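Next, two complexes with chain A in common: one pairs it with chain B, the other with chain C.
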Partner chain A sequence: MSATTAEKAAAKGGSADTGSGAEDERQGTTPRGPLPVTWLVLLGLALLLPTSALLWSGGWPDSLGVDAVTPLDSFADWVIENRQTHPLFLYFLLHISNVATDSVDGVHNLLESLGWAGVLGIAAALAWYVAGAGRKGLKTAGIAVGALAAIGLVDLWSPAMETLALMVVAVTAAAVLGTLLGLAAGLSDTAQRLLRPVLDTMQVLPSFAYLLPLVLIFGTGTPSALITTVIYAVPPMVRLTSLGLRGGAPAVLEASRSLGSTPWQRLWTARLPLARKEMLLGLNQTIMMALSMVVIAAVVGAGGLGESIYSALKSRDFGQGLVAGLAIVLIAVWLDRTTAAAGERSGAATGRWAAGIAAMVGAVALALGQILSRSWPESWTVDVTAPLNSAMEWVVNNFYQDVPVLGGTSAWAGNLTTWVLAPLNDGLQALPWWSVMLLAASLAWLVGTWRGAVTAVLALACIGMLGIWGPSMYTLSQVLVAVAIALLLGFALGILAARVGWAEKLLRPVFDTMQTLPQFIYLIPVVQLFNAGRVAAVTAAAVYALPAVVRITTQGLKNVAPATLEASRSLGATTWQQIRQVQWPLARPALLVAVNQGVVLVLAVVVIGGLVGGGGLGFDVVKGLTASELGTGLTAGVGIVCLGLMLDKLTQPSAARKPQ
Partner chain B sequence: MNKNHTARLRRTGIAATGALALLALSACSAADTGSDDKTVSLHTPTWVGAEVNTAVAKYLLENELDYKVETKQMDETPAWDDMSQGKIDAILEDWGHPKEVKRYVEGNKTIVSAGELGVTGHIGWFVPKYVADKNPDITDYKNLNKYADLFKTPESGDKGQFIKGDPSYVSHDNALIKNLDLNYKPIEAGAEATHLAQLEQLYKNKKPFLTYWWTPQWMNATMDLVEVKLPEYKEGCDKDAKKIECAYPDVPLQKWMNADFAKEGGDAAEFLKNFNWSTDDQNLVAKYVAKDKMTPEKAAEKWVKENKSTWEQWIPKK
Partner chain C sequence: MTAILDKATPEPIPGGVPADADTVFTVRNLWKVFGPKADRIPGDASLTDLSTAELRERTGCTAAVRDVSFDVRKGEVFVVMGLSGSGKSTLVRTLTRLIEPTSGTLSMDGEDVRAMDKKRLLALRRNRVSMVFQHFGLLPHRTVLDNIAYGLEIQGMAKQERRDRAAAMVAKVGLDGLGERRPDQLSGGQQQRVGLARALVVDPEVLLFDEPFSALDPLIRRDMQEEVIRLHRDEGRTMVFITHDLSEALKLGDRIALMRDGEIVQLGTPEEIVDSPANDYVRDFVRDVPREQVVTVARAMRPPHDGEADTGAALPPDATVAQGIEAVARGGAPARVVSDGKLLGVVDHERLLAVVAGIGLPATPEQAAEDVVQA
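What follows is the complex of A and B.
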């Protein structure tokens, strides 16, 4: 989900960076300075790496390790011994748990007492009002009603209300916390610098890794689920609030200052109102992130739609899982359109009559909710799971093997493992630690700065010292392959979508859905098609990363000024020439963001890979949670963060280098 | 002047935060586990076989003893932790959690045994019958190396592939493969659902596989698997987890209860202690759910209606 934030940033970057495209052209005319160095470094590496693999043993020496697992495990023991008696728990942590449980229960009771008609009506009235009332509001209201009614229709009303209650509390908490932190980051450079790595970690550290400690400290069910969701959903709110505060037009601020306002007045009357749009976008993103945690919440017993998916997974009922997943998507669409409409309206006055109408619709709905049955009527439901199951079965039966010419998915999986994944993993495992570091450092230096190189080396050192070098290289080999697949497919589809209007129209809703659909749904089909193992993990990851890559690519290609394109066309360039020689180079900054996002998203689902036989760090995280090995799980989680840090430096040309 | 104002505001802010914090602290009382007399909270485990224990117990508690039953679906480890705090009253099927038993039963004594479930679990290594029929001597571990090629997959490279179960299940497979010098590579299937999906897919396509497997398992009704004999289990041979080279023992599945609930739980606690049924009963209800796609509630109701003589003995005598 984090893709969308980055994407929007990418869209911005893309348009702002047309300048750096010009810089490329300039480089083209002058003799290329950095090129020989690049080739020399690559040549050096090509000679050094095989030699080092032959002469030294691979991996990280045990003597340089630090044992983090034992202290973490004894911390778990300490918590269990002391949580009933220690003041820290009695006077602080347990109160958090209780407040969390009570507020979610409170919201849930409220939703129940409104009745289904009440919830529908109020959602519609609210959507209509915030979207600016009138005709434009009608569309937003229609989406709200349609989404909620569809959920009722597939017989998921009651779990959906449980999920909604959890989301309301989680998003409120995340929004408040995010705004406060965002204020700090927006007003102080120090806070901004301090918060950045924290926010990055919050988004990359798999929630499976910290679920167990949360359960031990706060208890299962609502409290842990709520805190996990907040941790994951806060970053975009902080980032966008800070961005909004920093982006306020200098002229307005200067005017406000010259009028003699105090810093606080300036904040309230000028900076915050100017940041409104970004903050609403932040809220929108926070909601989307929170919704992606619904299934994780069910792992610790929070119920709701997540539980429907989780139990569908258990009984391998693909249809039921998909329907529950689509219900989450529908909630996402409803909330996304409502908050987005509120953001676009941007403070235009709505008038008192609109508020009156909205209140009246709400009141009528409320009354209806009391008269009609509280829960969604059973006769108004349809079962769509059976056809979905038979469709999936048909796909599996017909594509698994013996497909004429193509061979079938199990054969592809076998070939990918034998010819790509296994050799890549063997290579990485055979390299001594220092040559892997050298490789990472050189690449980071070539694409970024020497600082990036240092970070990449430190991240690798952290992996080695934690004693997870082997599983990390195993995971790294899969991540690289998954990113490569996502990029190949993503660029191809992106080019298609950018050139052909109807293709984009067709792809867009599919990809929107794919991004919000919980990955737990496709675990079973992926295993049935590709067999449990690394290919299943790689596929799940590539599928997850694909939509963002396509979208950023499309956006980047489309942002190329039409005039430039027109000029090349009038010079007689073919379609392919236009793409390769005009659009592609000019869209480079956006494409680099696509690469970077591909990496981030693939890493985000390493744990899902662990669930389908991917092994490595993802499996260790899963094992840490399910087998109660806190140390193993958290260490592996940190390993994933370190891999992320390193790959980020390898794929993100540093900002410091751009302005020349 | 401006500076002063800001400073004052900031001080006020700090004071307000402090006051709020104090207010929160003054509302101090330890968290309550919130179990009222007529509500029982049961764990719903992540596999179908055990899910139906809970479903049947819930149905009887609600319809015969007038209790309200809450079921909590979560992984086993968090469930043990919840039970020690009284948030869950009982777990009805446990295949062995030595670490948790040490921590909560022997350690802080918050959990007590509630007797046996009546079902005996057995874990072992299995191959499909169509493989055993073709290669009759494969059912002895000593001959496994001879057949390593048969089980080779791209994932296991030049060794035979051994498919492991869910990471939370009791298993010594890695140690066994190493200590018995078997030319096999253990492959993690990741989770129970994916493990089952994988086996089902291979079975349907008549592919050979060697896997960690157990009974009772409702899928034994649709998949015919044959056990591979491992060196005989002897008391204590599994003491050192790294040196194990013997088969898995038979496990009489256990029930566990929160210690306070066991004492004060009244009829409900009594009923759950009495709850005891056979492997066939459990498999039957599990099949209703997993194969016939009934809801656990409906399946439990069907079984209860048809098996009065069995469950009558569980109801505490007045």
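What follows is the complex of A and C.
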């Protein structure tokens, strides 16, 4: 997830620079804070909302609803009945399905036949070669060997290879598709205009939402898992390819033009080579996104490490889940370092000798792989799950309840439910539909644009008409609480990290790991500490969103022009004055991005919380997946999409739009 | 606008030299307007008279080049000079239609450039006109050699041949031994030498320079200027040179077009510009120019007195006054101005000092020569 966050933050931060001139002026010249109209609107809402809740009945009226579940169910039935016979399936979808299965199986068989030594050796040789050979390549190769060996050591070699096979196919497909779309978007303004909103929307959607249609068409199994992963992983490749093509140094392109190059010549000799770095970064992020889908893919039948985590979640096996999660992190680190090193190399040619050495190492490893046992030797494994589980047990035993003064996690969970979650949910449920819409519209308009406000209202209307107003408000209340927790903690830690060097050094590796861990990992300990239910989902969501919020906050505060900060220091400002008067206002765009990211990430986990009794829309999706109530599940999926769109619009600052 | 386009033969510029076989570029009434519906501006008399700011306010358009006419003669270094925003970089790009002119006529060797189809235009850019850019525009992922060969590659030349030709060029611009480096391993001056080599390797008729040395350190800049002077002396290639640096313009230019707000305010030799500025703007511009570096001894000479015809140092008529001062100071006597063995006149310390002080000089060299003859 770290990839998306950084990319999105960069995109938004970049455009915020150009767009926030008017806002800056407003802040610069008026010490009286926001415009009066803001206060008027907020005051109006404060008066209106309680009144409306008292005088009108809450929720969405049945008369305005549309029954979507029944037709969807019958459609699902039709699909299931005709899956084997209808030409659409026979001649098109079945082929996709077969190709997906065959290619993943093929790669898996290949990996198996290489043997563990072969995989290790080839990964190392490849890492060394793409990192530019020589000394620097050694480090990258070392990381590759270390990561893979550690996976073998904790006895996860075999599921890791299954996951790797899926990753190889998914990333290849996503990279090819993303490059093609990116070429279109990079070369044609029309394509860019068409693709951009699609990519923006895809980035805010929890992938959980579009699992069901795929399951409906392809059934559970490799094809669904693969396609979900590809869909989820494609946007960064498109975005960065387009960015790279558009960002090529104008001086170079003009020079090429002045020499009489045709557009095609320019593309091949200048634009694509100049975009190399961005495209490799895109590949890097695509890999990271694909890896973050491993567990979700397992929910629809992908197997591998994801399956280990998913079953650990079901059996509350913390150790097993964490170790499998860390194995995913290790794969991520390995692939991340390798692709990042390839990107940094800036195209300096590695000589033939380097290719020769790499090929030799690969060949030797291959031979070794044939001689030694195919799978990781049993005797070289260590059991780390048991100590992890006993550690977790110790934590639960000591903190769950009866802790003097503090009360214990069980009591906290109770309090959070009684005093925060329940009242908020009750309040949202009690509000009449139109006042919720008014609230969303006003907020979206105040923060962003009237266009955002219209989108937010339409999304809410869609939720109401589908008849899932109740569960949606239920989910919304959890999202709001989790976001509040994540922002409170995140801003505090962010300020700390921005001001205190060692704090950032300490937090960074922890957060790097946390951002790569699959969301599901967080659910296991919180369920043990807080019981299954809303609080577990909310806590896991807040923890999951925390790294991104802290990171963006820190970056925003640190990116404040050093000259401005120095000027304020030279005037004798105290630390607190510097934060409040210089860093905070100047970092505002970045902080708004942090809020936006926090909301998007929180929603993704709150929805998954349906698996651990979080209720709401997530539970409906789970029901759709497990109890074949496809109509309910699909409707809930649409509801999640709408909720995501609305929340994104509510937190998307207007400065993110580029002035024409 | 059509009226302007229809002009088949270029008209002489008022006060300029008529176009003839020796001109490379002929530019008449050229306009480049950026903005919405830019086409209507040049033909509309009520708009063309507006100042830049007024025009922007009224129409939202910016006229980067306004009604510009000039000729570039074969073998000369034609300098276009102006401050940033004066439209000089836009002007030079319109010559090969890297920026499409809005109206006016533009021809090269008598061929209408604006009427060229895509193929002809590419051929023009590939073979006849090369450009050197301020920010070099080198391909960062290629070696020096491959960068120099880039233009030949675009022409479709085979790899071995183009690399051979590029290798020959490496030595010519003083980059021996650096052929396998990458641009980011070179200094700014070296990078610009690559840019120069890339432009030269296609053996173009005309070289366009767009502020090529502005991004370089002063010392390197001087080296590069010398390099250009040397190249021009050796090959006599026509050059159009854009700069915002007056001393660079005076040093390199055979003729200088001084631009302001998209218009040429004065066109003439360095001496004419320094010595008889067309208006206050130009006067202000050249105020600090050391005149002895620009004015020639031909302008400062007087008729020889008795006995002076055979004594004293001999100077060519295009020697600068600074050189004259040196000769007079060394010899301790007036110096003779000699052309093809013929005595034209004499410069003494009084006349030379008058130039430095900026007083009492004939307006042109022709007039000075006439004065001498009459005396």
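Definition applied: the second predicted complex is superposed on the first by the 604 of 660 C-alpha atoms of A that agree within 3 Å, B and C clash if a C-alpha of one lies under 4 Å from a C-alpha of the other, contacts with A are read in each partner's own complex, and residues count from 1 in each chain.
Just so it is clear, contacts are C-beta pairs under 8 Å (C-beta built on N, C-alpha and C of every residue); 3 or more make two chains touch, one makes a residue touch a chain.
All figures in this text were calculated on a predicted structure; none of them were measured in a lab.
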Contacts of A:Val252 with chain B and chain C, given as first, second, both or neither: second
First (chain B), second (chain C), both or neither touched by A:Leu216: first
Partner chain in contact with A:Leu291 - chain B first, chain C second, else both or neither: neither
First, second, both or neither for A:Leu243, with chain B first and chain C second: neither
First (chain B), second (chain C), both or neither touched by A:Arg276: second
Superposition-derived comparison: chain B or chain C, residues of chain A touched: B
Partner chain in contact with A:Asn415 - chain B first, chain C second, else both or neither: first
First (chain B), second (chain C), both or neither touched by A:Thr262: both
Touching partner for A:Leu330 - first (chain B), second (chain C), both, neither: neither
Chain A residues contacted in one complex by chain B, in the other by chain C: 262
Touching residues on chain A, where the partner in the complex is chain B: 77, 80-81, 84, 90-92, 94-95, 97-98, 212, 215-216, 219-221, 262-264, 298-301, 303, 307, 310-311, 313-317, 396, 400-401, 413-415, 417-418, 422, 523-524, 527-528, 531-534, 536, 610-615, 619, 622-623, 625-628
Residues on chain B engaged by chain A in the complex (per definition of touch): 2, 5-6, 9, 24-25, 27-28, 30-31, 46-48, 51, 72-82, 84-85, 87, 99-100, 103, 108, 153-155, 157, 163, 166-168, 187-198, 200-202, 205, 289-290, 293
Sites on chain A touched by chain C in the complex: 249, 251-262, 265, 269-270, 273-274, 276, 346-348
In the complex, chain C residues that touch chain A: 96, 98, 121-127, 130-131, 133-142, 150-151, 153-155, 182, 184, 195, 198, 202, 208
